[in-house]
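Look for subunit A in each of the two complexes below; its partner is subunit B in the first and subunit C in the second.
Let's turn to the complex of A and B:
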């Protein structure tokens, strides 16, 4: 072990990973059920639950915007962190390249998501 | 040995650094009784088949932490693992995973010893007292906060279980973190800020990916995984709040 230690910047990524993991565990199964099963199959929910005007109104609401942003962005930070660490666990030590690719995707989608949501107006 | 003893095959990972290119397996047929541990099986081999077989042991009662080895691929204390539980199948014993092998079942623990030294494993009082001022008192509640983490016997089974230590031998690892946490949690100690440098470093807690196998194999129920993961939260707090209340840690 080296005597001179560098502080790890992991808390930033670990924090986003932890927040995303929590949100994913709480909301993503429900989101998959609503958006992937119930709405397309017309099952349980009334017709037009996810119609364009309703979704637009949802995304223009301050709370709705925040919800969409948090679910998409944080779940992705959670996801890429897992992928990056799983690569390491499988013995693929891709280093900085993989790190940039993984977290870069999350960063990019976060920005696109934020710009998109803000572009819809309030 | 009584007349009705059974014979179990023990496959041993042998390595003699003076003559072997690499470790290899050898099989011994060991007569055993139901009260014989795997350690006693190894001792039988040493006494009857090959006196050069090398392994560590001392207390034979799961308290010294010397006789850890991989038993059918699982890190265990060989003194509290019984041959009868494997019979009639063959049993394979190997040196603890993730450590360099010195000879046969003996591994090089110098890296682990360095880590133990690095965590400052002693009480560093907040305010030193003179003898005349009396002892440092502690309530039962304060005692309970750390007592669990004092049970570690340094058997290093948790290191053999930890996939992240296997990938990065610089990782401070479960047992050293459990002991570090033991001193941080002690109400008489005031050095958690100076231990933070190591906790929050590249060698520190964030190497852990929360597999939890370290706690599963721990023969003393220390739960090193919880010590590591509590300190991830502590290190994150330190990372983000260090500018508000600077009190140590890495720069």
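Let's turn to the complex of A and C:
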């Protein structure tokens, strides 16, 4: 066996999948409840919870920015990895094209999210 | 090119025949619900960067009945993702040894679900504190 074996890049994608799956399992249900149900209906949380000054301050904070970025980007890596590996179940042969499309979407979302968040300043 | 037409069994809907695979397909599809929500959030990040009027427009869109209804569906999907993610945790992570014995799968799933509930409540408490 050659000393210089080509190493698989699969662990990177599995790592992103695991991180995204875990993070979304812990926080996404409550986030959907807060941003999609409680705040729009004015239910449970104080009025103005997601007002412009508050959300801007949250997204400009180093920790807040990091949290939003981690949730959005890692969840997308989690989703596209799962879709990519599920193609087989629908009788679709997952080739390089499918791989580029799936991981490309996650990469695009990651870049757009990073640019958007960095554009808000610190 | 061969003229033979060998019989190839169709794979259409193979998973519908076994409840185990139906559940598998449902729990795999929950990733799409999580991703859909994250795209809604991404639009929010972009709107936030476009100023106060754009942000208030996003908030108003989130108040539409259709949006709230969609978020209820997304919430159901995300909760099922949390449940299924931790249900398969005993087979996706290395065995946890407690007191020299392998932790039971049910105990591991139960502990993880309790941690997830605590994480969600901590997030709610944090948002509450920031909002006040």
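Throughout what follows, the second predicted complex is superposed on the first by the 114 of 122 C-alpha atoms of A that agree within 3 Å, B and C clash if a C-alpha of one lies under 4 Å from a C-alpha of the other, contacts with A are read in each partner's own complex, and residues count from 1 in each chain.
Rule of thumb we're sticking to: contacts are C-beta pairs under 8 Å (C-beta built on N, C-alpha and C of every residue); 3 or more make two chains touch, one makes a residue touch a chain.
The model shown is predicted, which means the values in this text are computed figures rather than measured ones.
K.L.:
In the superposed arrangement, does A:10 touch subunit B (first), subunit C (second), both or neither?
P.N.:
So A:10 only meets subunit B here.
K.L.:
If you tally the residues of subunit A touched by each partner, is the higher count for subunit B or for subunit C?
P.N.:
C
K.L.:
A:29 contacts which: subunit B (first), subunit C (second), both, neither?
P.N.:
A:29 contacts subunit C only, not subunit B.
K.L.:
Check the residue A:41 against both partner chains and state whether it touches subunit B (first), subunit C (second), both, or neither.
P.N.:
Touch status of A:41: second partner only.
K.L.:
Who does A:89 touch here: subunit B (first), subunit C (second), both, or neither?
P.N.:
both
K.L.:
Do subunit B and subunit C touch any of the same residues on subunit A, and if so, which?
P.N.:
89, 91
K.L.:
Which residues of subunit A touch subunit C in the complex?
P.N.:
21-22, 24-37, 39-41, 45-46, 48-50, 52, 54-56, 58-59, 68, 71-72, 75-76, 78-80, 82-83, 86, 89, 91, 109, 112-113, 116-117, 119-120
K.L.:
Show which residues of subunit C lie in contact with subunit A when the two form their complex.
P.N.:
Residues 11-12, 15, 25, 28, 31-32, 34-35, 37-42, 44-46, 48-49, 52, 55-56, 59, 62-63, 67-68, 70-72, 74-75, 78-79, 81-82, 85-86, 115-116, 119-121, 123-124, 127-128, 130-132.
K.L.:
Show me the residue ranges of subunit A that touch subunit B in the complex, using the header's touch definition.
P.N.:
1-2, 5-12, 14-15, 85, 88-89, 91, 93
K.L.:
Per the contact definition, I'd like the list of subunit B residues that touch subunit A in the complex.
P.N.:
Subunit B residues touching subunit A: 111, 114-115, 118, 163, 167, 170, 172, 197-198, 200-204, 206, 209, 232, 235-236, 239-240, 249-251.
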